[in-house]
Structures are given as C-alpha cells and as structure tokens.
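Labels run A, B, C, D and E following the written order; every chain starts at residue 1.
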Amino acid sequence: MKRYTAQIALIVALAVSMGISFASDSMDAYYLDIALNVGINIILAVSLNLVNGHTGQFSLGHAAFMAVGAYGASIFTLEASQKLIPLLGGPSAFANGTAFCIALVLGGLCAAICGWLVGMPSLRLRGDYLAIVTLGFNEIVRVILQNTDSEGPFGGPLGLKGIPPHTTFFWVFAFAAVCIYVVASMVNSTYGRGFLAVRDDEVAAGSMGINTVRYKVTAFVTGSFFAGLAGGLYAHLRTTISPSGFDFLKSFDIVVIVILGGMGSTAGVIAAAILLTVLNEFLRDFEQYRMIIFSLLLIIMMIVRPQGLLPSLPFFNRKKSA
Amino acid sequence: AVGLSSCKGKKEDENTIVIGEVASLTGGTANFGQSSHNGTQMAVDEINAAGGLLGKQISLVTEDDQSKNGEAGIVAKKLISRSKIKALLGEVSSSKSLEMAPIAQAAGVPMISPASTNAKVTEAGDYVFRICFIDPFQGTVGSIFSLSKGWKKVAILTDSKEDYSVGLSDAFRKHFSTNGGTVVAEQSYGKGDKDFKAQLTAIKGAAPDAIFASGYYNEVALIAVQARELGITVPLVGGDGWDGPSLLEVGGKAMEGCYYSNHFSNEDKSPAIQEFVKKYEAKHGTKPDAMAALGYDSAMILFDSIKRANSVEGPALRDAIAATKDYSGITGKITLDAQRNAKKPAVILTVKDGKVVYTETIAP
Amino acid sequence: MSAGLELKDVTIRFGGLKAVGDLSFSVAPGELVGLIGPNGAGKTTVFNLITGVYTPTSGQIHFEGTPVPGKKPHEITRMGIARTFQNIRLFSSLSVLDNVRAAMMTHLKRGIIHSLSRGPVYHREEAAIEKDAIELLDIFGLANRCDANSKSLNYGDQRRLEIVRALATKPKLLLLDEPAAGMNPSEKDDLMQLIRFIKERYNLAVLLVEHDMKVVMGICQRIAVIEYGCKIAEGTPKEIQCDPRVIEAYLGVTVES
Amino acid sequence: MLEVKDLYVSYGAIKALHGVSLNVPKGSIVTLIGANGAGKSTTLRALSGLVKSTGSITYEGQQIGGLAPHKIVSRSLCHVPEGRMVFANLTVKENLAMGAYLQRDKGWIAKQTDYVFHLFPRLKERENQAAGTMSGGEQQMLAIGRALLSNPKFLMLDEPSLGIAPLLVKSIFERIVEINREQGLTILLVEQNANLALDVSSYGYVLETGKILLEGPSAELKANPKVQEAYLGA
Amino acid sequence: MEQFVQQLLNGLFQGSIYALIALGYTMVYGVLRFINFAHGDVFMLGAFTAFGLHKLLAGTLAALPWPVSLVIILLASMALCAALGILIEFLAYRPLRNRPRLNVLITAIGVSLFIEYTGQLAFGADQRPFPELIPRTAIASTGGLTISVAQVIVLVTTLLLLFGLRMIVMKTKMGLAMRALSLNPTASTLMGVNNSVVISFTFGLGSALAAAGGILYASLYPSIEPFMGIQPGLKAFIAAVLGGIGNIPGAALGGLIIGITETLVKGYGQYIGIKPGYSEGVAFVILILILVFKPSGLLGKVEREKV
C-alpha cells in the first residue's frame, strides 16, 4: 500500500477540501479569504518552483502567466458561461461547477500556450538573461493589457470587474493538491530526475541522453499552466482584476516564497507560502512599518536560514536503497 | 506622515460605532491616500469632540492597501468581518474601489468613496456611493472650458496606466470633437515616467492651442517644465488629478496660466471652507488638497446620514445616504442621484503668480 | 565498414586555431582504442565533436553508418555513445544513486504522464532501474555511497562515478577522458581491470584518452596518436612505443609496459 | 620552515583529517602521498586557509592557522589548487598578472613572466586566449606558472602532473627540482604519481583516511614493500 | 525633419541617463554576479542626499558659481552614498558570501524594499522639487532645436564615467582583481586578493555611480520621491543586459539604444500602429529580440565553457 501513498494523499486532500468547502459558509469571510490566498500562493509557488527550483531556470515572470490565466478564465466566465450552463443541464451546482472548472482549465491552457511561446525561444538563454527576458515578458503582458480598449473584453487599465465569486475552498485546495501532486511526482521519478540533472549541469545532462530543451520547456509550460490556473482562481476570488496587479513586483513576491521555502523543496515552498501569506496579514497592523519589517525579516531570514525553511526535504520519501 | 491610528483592532462595544476606511497609506499613491485619510480622520475627531453620534463615539479603523491592486478587497473583507464595521469609506483610486464595492454590497455595508471618479464604481449595487463627480463629467468640463476659451485645436496627453486619466481623455475627446474642436495630437505615457520630451516634441509639431493633460500632478508638473523647455507656450488643461502640493513646487513658473478642474478651491472665501482650511493647516502643516476635502466630506455625509437614519443598520443607513440632498460640504453642494453619484459643479482653477486661483464654476 | 565509429577528415577551427585537422580514424564494435597526444593536441575536442558538443567545421563522423554531426548531444547518446568528462561534471546536488538514475532516464519506455500515474507498471520500472543502478555502482565499489552527495566524493571516486553514469546510458561506445587522472598507480591498476571487465561484460567499444602510458599501453588494442590536431601515428601499443615521432612528440623515452 | 601539529579538519559531518602532523624544512621538497580521499588536498587547503582547521600551523616560527587565505599568501606561501582554478574568462596573460598580484617590482614580474614562458612555451603561444578554453594540460601549466609569479618561498602543489602528457610531466618535475635548487624554494608536493614524487623529494609522508600512516626519507619509503604495494602499483 | 532631429536628440539624452545608471549596475553585476536590485534605491538616496545637502548648505553655496556648488554637492553625495553602499554590503550581503546567488538576490529585493519604505517614512510619500543645481536653461540653437545645459552635462558625465570605469576595470590592478574575483573567488584569494576589500570597493564605487546618476537624473527631471529609483533602475538593468551584463561599454550602448528607440516609438509609433502607451514595453521587446539572436547581449562575450 505504501507505494500508493501519493495517490491516497491526493484523494484525501480532495475529500477534505470538499468537506471544508461545505462548512466554509459559516467561516469568517476574512479568515476564509486568507486561507484561499494561501492556497493560491501555494499553487503559484509550487509551480514556479518546478521552473526555478527543480529545473534551475530563473523565471521572473510568473505573474504574467497568472495574468493570462486570470483574464482567460474571467473572460470565459463573463462571456461564455451563461451560454454553457444551460447546455450542462441548467443552473445547478454541478453545471456551475463544471463551467467554472472549464474556465479555470482554459485559463491555465492559455497561460501554458504563452509559456510555450515564450519558453521556446528564450530557454536557451542562461541564468540572469532568462530572468530579465521573463521579467520583460511580464511587463509586456501588463503593458498590452493596459493599452487595450476600456470598453473591450480586456477592459484597459481598469481591467475586468464583476467577475462572479466562484472561487471556493474546494476549488483552491483541490487544484493546490493536484499541483503539488503533479510537481512532486514529476520530480520524484526517473523521468523527473532529468529536471534536476538539467539544473545541475546542462552539458552533462545532454551527454547523458537528456533532452534538455524538452525538459526546460516542459517545466516552463507546466509551471505556466498552474500559474494560469491560480490566476483564474484569484480572479474569481477578488472579482476584479486589473493589469497593474500582475506587474513584476507580483512575480517577485512568488520568487520570494520559492527561495524562502528552499529552492527545489516542495514542502518548504508550501510552508513558505503559508508563512508569508499569514505574515503579510499579521503585519497589516503595523501600517507604514509593515514593509520595513517585512523587508528586514526577509534579509534576516536569508542570513539565518539561507537554505530555506525546509531544505532538501523531498516530498515523497525515497525508498531507502539496499 | 500619518500617525498610527490609535484605534487599531478596537472591538465594537455599545459605546462606539465602528467605521472602516481603506486608503493607500504607503506605496505609489500614498500621497492621495494620506490626504484623504487626514480629511476623514479630521471629520471623525470633530464629530467625536462634538459628542459623537446616537450617543456613541465614532471609531475609525483604517487599513492600508499599499497602493497595490488586489489588496483593497482583502482589507475590505477584514474590516467587515473582523472589525464589524457599520460603513466603509474609501478608496481614492477607482480600481481599488471597484474591488471593495462588490464586497461591501454583498455584506450589506454601505460604502462611500470620496474620490473614485470612474463611472463603473457605483454600478456594483445600491450600497455603493460616491460624493465626487465622475470622469465623463470632468472630461466634458475640460472640453467645455477649452471651447469657451476659443481653443479649436487641442492635443491630448494621457496617462495610459491610469484608468482615471484614460476616462477623462475619452470624455474630453468625445465632447470636444463633436462640438467643433479638433484633437490634433494624442500622446500617452505611464505613471512614473519622467521624460515626456518625445511626446511633447510630437505635440509641438501639431501646433495645438492647448494641451489637455489628464494625468496626475506628479507627472503634469514635469510635463509642464519640459514643455516650456521645448518652447511650447500654450496652456495645459487638466482635471482634479492635478491637485497636489507639489504641482507648483515642481512645476514652478512652467505652470503659469494653466487650468484645471477641481472639486473645491481652498482659496474659496466661503467661511466654511476657510475654517476647514485653517483647521487642517493647523493640524498637518499644509493646505488641504481636494482629496483631504473629499475625505472629510465623505465622512461627514456618512455621519449626517447616520443622524438622519438614527440607526447604523445597513438598509436604513443605505437609504439615508441615498437620500442625501443639497448637503453643503467643503466640496460644494452634494446631492446623490439615482445612480448614487454626486451631482456637483466643478470649479476651474488657474495658476497665477505662483498661486492657484479660482476662475469659474461649471455646472453639470 | 559501417559498424562502429568512423571519423573522416574531421576538422574544427576555433577562430584562427585549428584544434583538429583532417583527422580520420575508427573504432570497431567491441574494440578498445587509445587516443593519445600532447596537451592541447585536440583529444578532448575530438570527444566533443563525437558527442555533439561541437560541430565539425568540415569532415564526416558516422556511428553505425549514421552521420553524427548536426545531432544534439542527447540524440547522440541515444544512438549509443556515452562519455565522461575530463573536468568532472557530475550532477552536484544529486546523490550518487540519483546521478546514475538520471542517466538511465534514456531507457524509460514511458514518459511524463506515466510518472504522474504512479501505477504498478511505473513502480516496476522504477524498481528495475534502481536495481540496475546499484548493480553498476557495485562494480565500481560505490554501492555503499549511494546516498552520499556526489560532491562529497573524493576525486578518484568522482571519476569512477562519471564512468558509472556514462555506463548507465547503456552505450555501445564509451568515451573515457582521462579516467585515471588523480589516481595512484595501484588505483590505476584496479581501474584497468574494471575497464576490461565492463568492456567484456557490456560488450562495449571504448575510446580512451589518457596520459598514463601504463594504462594506455596496458589495455588498448590499438592506439592513435595526435599532435596539433593531426594524426601522427596509429598502431598497436608495441608499434606506438617504438615510433620515433611519438617518442619525440609525446613520450620522451620508451616506456616499459 | 613549516611545522604542522595535530591538524583536524571536517566538512560538516565528514571528518577529513584527524590529527595530521608534518614538518617541512626550509629548502626541501617534501611529498605527501596517499589514496583517493585520504585527505591530501584537504591538508593543503587547511595550510592555505581555504578550510577551517584546528591544530597548530607554524610557518617560520609564526602561527598562521586561522589566517585568511590572502594573508597567508602575503607571507609567500602559495598553493596551486586541485582542479587548477584558472580564471576562465581572463586571458593567459591576465591570469599570470593575477599571479603577480602582490608583487610590486615590475622588472621582476617581466623577468619571471619570461621565465614561465620559457618553462611552458605553449603559454606564450596562447598569451591572449581565454584560459577557460585551454585544454586540460594547458590549464595546468598556467596554474603552475601563475603560482611561480607570486614569488613564493613556500609552494604547495596539488597534483601538478594531473592531466599532463608524459614528456611534460618529466620536464615539470625537472623544473620543480631546478626551482627548488636554484631559488631555494621550499615545496610541499601532493602527487598521485608517487614514484616520481618520491624521486624528486627528500622526505615523504603517507596519508591514509586523514591520518599519517608512515613517514620517512623518500628513498626509504620507496623501498618499503607496503608502500610499493599500495601506492606504487608494483 | 527638424522634429525628427529633435526626437533623436531627445532619445540620445534619455538614453545617456539610462546608460549612466546602467554603468554602475553592470559593474556591480560583473564583479559580484548578482543583480543588485537595490541599485535603483541607492540612486534615489543619492538624489535625496543632494537635496538635503543643498538645503543644509544653501547659504554657503549661494555665493558660489553653479558649477562649483554642483561639484561639491555631487562629490559629497557620492561619498556619502559610497559609504552607505559599503555599509549595506557589510550588513546584508557579506553574511551571504558563498551562498547561492539567488539568496543574495532575495536579500537585494529585501534591501530595496527596506530603503524604499524607510524612505517613504522619512521623506514622505509626496514628491519634492529638486533644486536647480544645473540651470535648466536651453542652450539656444539653430532651427528650433533645443538642448539644455543639464542634458549636455549628463551626456558628458556619462562619457567620462564610461571611460573612467573602463580604465579602472580593464587597466588597474583593482580592476583585474575585480574580474578575477568574479570568475573564481577561491582562486583570487589564493593569489593574495583580499576579496572583502575588493567587494567593498566595488559596492562603494557602484553606489557612488548610482548617486551621481540620481543627482543628474533629478536635475533633468526635477522631482524626487522615494520610489523614483524603481523605473530607471529597471531600465538601466535592461540596458545592462542588452549590452551584455558585466560589459561596461555594452551598458552604455544598451542605454542609448533603449533611449532612442523608446523616444522614436513615442514620437512616431502611432504612424505604424503602435500606441504610444506601448512605449513602456518597447525596451523589453528590443531586449527580447536582441537576446534571441544574441543570447549574451550585444557586446557580451559568449561565455564559452570548455567541456
């Protein structure tokens, strides 16, 4: 049975999020909001970790994929859901849920396609060059969205509003669980060790038969997909989105989570996502001192725990070799 | 800088009415947020000094959204569910008000935005109000004023990052070109830019009679300086986004003879306004700008409505706010229409001898 | 001759420098060939040409009749050519075992979806891979260091791990770049045994670059000598040792073998 | 000249040296041999301050244990590290200039550079090539040449013959002896090629898993059957 | 035509200010191999230091001709910021020596946020007018073209710093040590280089350059506020990458290219269907296009790794 721990954990996670979701109506709206934020940040950070941590590519543009997913999913919900829901058997919990799920996945796919388009030419760049190109892509996405027509489908600088609040506990944590499962089982397999090999030494990886480009693109596209998904969830949680919410500073936030958690450590990154999201709320009471405290914590944390919160703690325990 | 608000986390008890406020106290638009917060706080202090409302003291809980989109919604939720606020004030920026509005609406907490001028803000529902005019109106005012000056050829310079500026320019363009004017050049920039020479050179080539610069004062001041450097002498015209202390400090001589529309003029001789200006100056050391006045008015209208409703329950308070009619605020006579927007006149101000002076009032 | 590796008139230039010029030689299946020459003669460059790290300026390289240039390194590896690196290039953050397993990825029949399913077939495949990897490590006496980080191995063990990792790709031709560097004479003796052993066991062709003449002369069936990128001699160890040009350019004196 | 007592070094949990003691008299060549992982490189790293160590290191009567590497270099101890560590993107010439970083006498530098070029003509040929693109052996030559430019009084060589062609190995060792004899340079030599090392040195230490196993005059060690079997591959 | 020339001039001056900031950026990167996101904030501090000094010394300076007082303020601010840069390095970055570069990057983000928000607390959120250290008067010229004194000074300073910096990095011993250190810090200590000193020097020099950039920038665009460093910092970073990170002439070239293209897009993009609003993204588009064809930047050396 031990072999299937991962699958069982996934199913349990799905069931638990479903259960909590039913109870969430009676939860405090603010605390629920924090919880959902945590979940969304987990998806963002775990997926970015696949790119930055496991594959060793340095992307600074995760928020762009989040934006693409957020806009994609929202536009689908705003424009097409109404037509789709009757086809699914009228407005019922099931039909609404399915339509939302389709919107999210669609958003994810849009982001994945963008990820592919950006990744193909730019992944041959190394280190900081890739970082700046992804950061550039991030800004380009924002600028393009900002310059769309205010009356058009993208809403110009004001963005989209009136997005229905479909995001529930279940959707966030179900997708977070799926994301963790996918990333962790991708990396912890013989196939997935290729990601780590590419990170450590691309030339050697190539000489060991590893198609480095394919791996990098796979990581990038998968990461983008989940970022897009998270974007969709975010849009349907906040109900309004605007381009400036997805600028490169947002990407920085996600990178901070990843590095604080420990590059390449899924568990660490999850811990960091929780910690930073909650810390952010906790620091609110400090008003103008908040960011000063936050930045100091960041600097101190890097000095005292440079290897991250939970370094090199593999998510699935490797079977001990004989 | 603003002091830490002392009532943080104060829980509701039978002797206080808790009011929430969302403002950008830090980050890129902190100047607006801090001004409006100062105004709001002043209103609260005054009402408390006068014995409070319904026999209770008002407690204001302010949350900072760091000028970041995405944060305003969270803090609105926090205020509603944690601080159990009875009403919500804020935000200055429309995109943030748009995040808060559906939350306030869903929770049945009346919300008054002091200065969000985007038309869509109050569309969220019947709990969402504003006490300022809206972008289309201000853009139109700019156009009416320009036409009245006999300017037939105008260039538009928009901050394409700011929905506010885009909205003003849209309205201006529509009105101006259907009423006999020609827009001879359109240029844009992004908030935070410092160099406008390229845009201005292009505009100079079109030889306009005036430039409608719909952005905020931070950039407008630099635009004016650079325009003069390039030898452009025609006046600049803008909206209430120009209102800020550093417009003249930075713009200096370059601002001479430029015009902008605003909610109020702190030069206004009416005693109510002068008293407000005096009190504000005593407390903060600077003259109040429009954001401060609007922050003050938004709180005062809320208090007035609470008084009239004699209740802080959502529906009753909502109806009372909606019934606001001819309220004499610092920023003019305020009447809320069926769309929960304020129908107010705008004043046109001009810079003369290094001072902002009142020129005329344009009614809706 | 279509089997094995064949280089014909291969040339590569770096700017003005001709690192390899009109070089031709071949390695037949199962053969153990030495490639020697002074420092900077172009030996490592030849490896880089064969494995697709560099593309020749001119000339042809065929492996089992298929042209090699233009192919990506990973494609060449999949054709059955594996190598070690003169400057050790292990996957430094991976454990010893994972270094080997990473190289075994080439043999996976199924891809990424499969590793997501984590079904019985997947587990069977993983188990088989682990078994193979440990078996290989065992040959080189590294099985007890499975969980150690590859960086913490000493220099000699890192060299051995390089060989194991190359073997894990199941090559038909193994290119070894100075495998004995940094080993003392008795360790070199062991290494020679091991190279012979794996050659037989896995039916490998081996192309060996090495400066230790005892090793080269001791195990190679045939030796090619290059200087300034050009072949100056080729033959059996005996012939090479007596070749005056080789002595002058490279050996200095005849070595006793 | 250099006296080491009870040197201990560990890398995290791994104990690499437990109590190494050795003595290098002025003007001598002393060699350190041992199997892979014995701790030879670690010993040199400890001496040049690259790794933290406990124990005492006395150089010309002064404690140098715990000093920063650059402080140790400024006392004319020079370490040619394992793995060469040339500055990949600097040219050969610039690498040599880095070697002379602490030298002030321009004339001496020029003379010594010529000497290095005379020692390794290949370096002269490739003066302006980026060091990183040089072949393995060429880089090794550069590393040695660079060390000579720092005008050392005490030179630590970690496997100088690594990756060097036989003809050149011989000539490098001849030079080492020559420098030692002519310039009175003291040399601590770590070498896998124990035969050669014992030939050129006067005294030798055999290191095994972080401890000194054997020591003695080189000729004696070379004759020792245990050493022959374990390290000389007889 | 006249307008086009004016636009080119606009672009040239805009570009030279980017180049000026990029120089320091690229030098610090070249040596330490990490993106110092706080560079833009030291730039901001430079402007504020000059602002403060000008206020403090107003009486004394008023008597002096402007070039003298400019030089005094410039040098004093540069020195103060250099000290600050060294301090930042000592407190925040030095403990992370030998740590993965990404950690240092996060620390840099932390330092950047710290400076920005402390700045906001200390200086207030609103912009301040920057004193006219350099007369903003136009140098009258033919045919309606305008160039101001400040612009000329910026251009000249950029050129001087470009050559000065290149001399330091390529021709001096310190420069050699900087380059060696960037390639292999272990080996450089083995050559007798005191890495800490070199790193402190680099930071000090970089911060002084940032401060100079900040002051000249504020002289061109006379308003300063705590977040003023973000955008130019980003642009300078792009310029540095575009030219090949670590390459000093490359940074200058990158700055000029970005400045000129941006200006032309703003001025003429409309005629080919590019909204002026897109000009913000132009720098990135150029960057991506160039990197796709030349992955190590315009003048960047291909870091050929010997396998």
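Rule of thumb we're sticking to: a residue touches a chain if its C-beta (ideal position, glycine included) is under 8 Å from a C-beta of that chain, and two chains touch if they have at least 3 such contacts.
If you're wondering where the values come from, they're calculated on a predicted model, not measured in any experiment.
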Starting at chain B, fewest touch steps before arriving at chain E: 1
Starting from the defined contact criterion, work out which chains touch chain B and chain D both, please. E
Farthest chain relative to chain D (centres taken as mean CA coordinates): B
Among the chains, which has its CA centre at the largest distance from chain C's? B
By the contact definition above, name the pair with the higher C-beta contact count: C-E or D-E. D-E
Taking each chain's mean CA coordinate, chain A and chain D are separated, in whole Å, by 51
In whole angstrom, what separates the CA-based centres of chain A and chain C? 42
For chain C and chain D, what's the span in angstrom between their mean Cα positions? 29
Using the average of all C-alpha atoms in each chain as its centre, how far is it in Å between chain A and chain E? 33
At which residue positions does chain A touch at least two other chains? 143, 146-147, 203, 288, 291
In chain D, residues with contacts to at least two other chains: 133-135
Multi-partner residues of chain E (at least 2 other chains): 117, 120-121, 275, 277, 280, 305-307
Chain pairs that touch, by label, are A-B, A-C, A-E, B-E, C-D, C-E, D-E
Residues of chain C touching chain A in their complex? 51-53, 72-74, 77-78, 82-83, 85, 89-94, 97-98, 101-106, 108, 111-112, 114-116, 118, 122-123, 125-126, 129-130, 134, 146-147, 165-166, 168-169
Would you pull the chain D residues touching chain C in the complex into a rising list? 11, 14, 33-37, 41, 82-83, 122, 129, 133-138, 140-141, 159, 162-170, 192-195, 229-233
Show which residues of chain A lie in contact with chain B when the two form their complex. 28-31, 33-34, 37, 143, 146-147, 150, 156-159, 161-162, 165, 234, 238-242, 244-245, 281, 284-285, 287-288, 290-291
Per the contact definition, I'd like the list of chain A residues that touch chain E in the complex. 52, 58, 121-122, 124-126, 128-129, 131-133, 135-137, 139-140, 143-144, 146-147, 203, 248, 252, 255-256, 259-260, 263, 288-289, 291-292, 294-296, 298-299, 302-303, 306
Chain A - residues contacting chain C, complex: 3-4, 6-7, 181-182, 185-186, 189-194, 196-197, 199-201, 203-213, 218, 264, 319-322
